[in-house]
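Scrolling down, you'll hit the structures one after another.
In the two complexes that follow, subunit A is the common piece, with subunit B as its partner first and subunit C second.
Presenting the complex of A and B:
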């Protein structure tokens, strides 16, 4: 019965009971049911068989490990971090989040980031129910700002989108396992993604604040430089703009028009929705660009500050065009720009925003 | 009751389970709906009316 999900929404959080080491006060407060196994490998197989993994092996969440995770975030097991009203008020408690964080392979010191990210996901304007159930297979991306990147080795430099970095890999995976195991976004159940996406294993990266001359995503979201924050962004799909022109005007037009083309969904009902001012999400819906330092150097070197780039991309999104419909961007400030180092690659990634979601930023700790 | 497309049958069944309403009635219609024009949409709705009426009027729980 591998990969066959259980149909009970809340039993995927049972910790593997490793026995007497689970003796801390926090461990004694855990209430999740226990699954007994002879050894960790048997526990892993049990979790596979019960449909409690993303297809990769998990770390058995013993009571001691779960308690360490909670203690690191100084949070009580019963504290409710998220409640999804459209799924019969299913709740993510700190205990359930910690169980899935252990399973993901996270270190306890990552837990404050994971808690803040879960709170961001729970914001009604983020609309978690919709983008974890949609046919589109939207991805929940975590962007980290602040000194926490250095403390936890969250990669914001070369290779920040890819494998090889424990904090990036396991923070995102902890969120996705929780979305699966607690909120029941399981393929065939609430997850109806037609293709799904490899970013749904994990997608978490730091912004390279040291390489960027511009304000950070966190600052654009209303926080101060130096504060530790996580921003959750729901994206339907992504595209990339590559080019080594040294002409800033040409470059920003390539980025803006490339993204405008990538916005084109061809869905009749979505295009109508995009154009309307009716959606309550439209005003805060942001279009994310992750720009490498080589592109930023060209733009900044020509005297363009972030506001100038936002305004130019906004013009590309809204200018009259015979074939491309206008992009439903409410204002230039809704062009969100982050920096990832990307040494020697003249590249910018564009993240198409899920239609009915706003990015949400939360303080860590 | 609800009207759902067959592409989302799994999600509808899951919602019935977590809502503890295993007998919640729905009418199934063929996917897609979003790209139908107005005339096609009217025809689709018209075809579903008898089943909608039946579910709304028959086997209702006692007040």
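Presenting the complex of A and C:
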């Protein structure tokens, strides 16, 4: 510590901090209020007591760790990444995002993904205020495309929705801690969820681009293969379609009609309601399917490309039926299909969209 | 030497500066007689019915005579502000606004 300048005592390196990086220009620009603790365990307890965690332990956000996070994304602490007009103009600065990213356990190299995801969340058509306050307890899901998945070990294969993968877990958690701490989506405050959802701890996965024969979600949103992107999708709830038929037509009908049945409980999406309601998000509202390898093999093996699957599911959603109301989907392209290389199980997940939100994709970096 | 960590919250919410950030509330009207009413529904499918019922109830309260028909606005979706033109009408053509959600 002998080389530490005497002119910046407020960012003095302590035994638990990261080292000389604490003397960086970025660290000297941090303006968040300081919290003093005797050691990391006391810091963690303080953060629990103040309601600053999701109920799990956090990594203490020292100035040095936060500065490392910001430097990794080459972003200034004061840069405003999101502003929510309908929530007292709350702002998410890069500094606050980085603090929460450190707390989540993210590595600095994850920060460009987290920044891009925050910018996607901030898009007015994503409507962040709505799906972080709603009774429905909606979940914000991050879908990652591009070579960044390999660089950061973002899982897009077996187990991609579950625990055990640091990048998946901490990128999603960084966003959720930010939603909690900066946007005050705290139960009883801005979060009014009746049940809430375990996906609100974290939900981030990569799309399988290596084995999937279809265009990616990112390409469907207008980006090129090979670009690093994050797509933020707000979902009310999910269901799963499991079926081991090798008949592609039967399978796609199982998927489409299964999802339509699941939609029945999502009464806000039904066309038999007053269409003037929720109209501002209707055109861009997308219904997400995450298809596993085995289902893709059946469908692709029968010559169905993604467009054919979208059109068939669209027909299942909109065909006349005595008991099932039509799904309020605007066009076949609004059937959004992502691939995860979940092997051996003939399974597809259906993500019911949060009604007043459109998915948003942003470049990383 | 104490360990230093950083506050992860939007401090304008969580610190005393919050008050300065909050939008000022208009004073409540001293009485409702002769006032023009706006009804602002959030777009959920019972919100307009709820507001219409509330307006009708107000008309039954002794001592209250409201001015004419209400200005009715239904937002395009929940959790978004009214359209600027609707906002302008509510400000220009009403004295107070009833707001409601409805599920």
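In this section, the second predicted complex is superposed on the first by the 331 of 365 C-alpha atoms of A that agree within 3 Å, B and C clash if a C-alpha of one lies under 4 Å from a C-alpha of the other, contacts with A are read in each partner's own complex, and residues count from 1 in each chain.
We adopt the following convention: a contact is a pair of C-beta atoms (placed from the backbone, for glycine too) under 8 Å apart; a residue touches a chain by one contact, two chains touch by 3 or more.
All values reported here derive from a predicted model rather than from experimental measurement.
J.: Residues of subunit A touched: more by subunit B or subunit C?
T.: C
J.: Who does A:133 touch here: subunit B (first), subunit C (second), both, or neither?
T.: So A:133 meets both subunit B and subunit C here.
J.: Does the superposition put A:323 against subunit B (first), subunit C (second), both, or neither?
T.: A:323 contacts neither subunit B nor subunit C.
J.: If we overlay the two complexes on their shared chain A, which of subunit B and subunit C does A:184 touch? Say first, second, both or neither.
T.: both
J.: After lining up the shared chain so the two structures overlap, which partner does A:88 touch, if you call subunit B first and subunit C second: first, second, both or neither?
T.: both
J.: Contacts for A:192 in the overlay, against subunit B (first) and subunit C (second): which applies, first, second, both or neither?
T.: first
J.: Touching subunit B in one complex and subunit C in the other: list those residues of subunit A.
T.: 88, 90, 133, 135, 184
J.: In the complex, go through subunit A and note every residue touching subunit B.
T.: My answer: residues 7, 9, 87-88, 90, 133, 135, 184, 188-190, 192, 267-270.
J.: Which part of subunit A faces subunit C closely enough to touch in the complex?
T.: Touching subunit C: residues 11-12, 14-17, 30, 32-40, 42-43, 47, 52, 60-63, 66, 85-86, 88-92, 95-96, 99-100, 103, 124, 127, 129-130, 133-135, 177-178, 181-184, 273-274, 276-281, 355-356 of subunit A.
J.: Contact residues on subunit C for subunit A in the complex?
T.: That would be residues 1-15, 21-23, 43-45, 74, 76-81, 103 of subunit C.
J.: For the complex, give me every residue of subunit B touching subunit A.
T.: For this pair, the touching residues of subunit B are 7-8, 10-11, 14-15, 17-20, 34-35.
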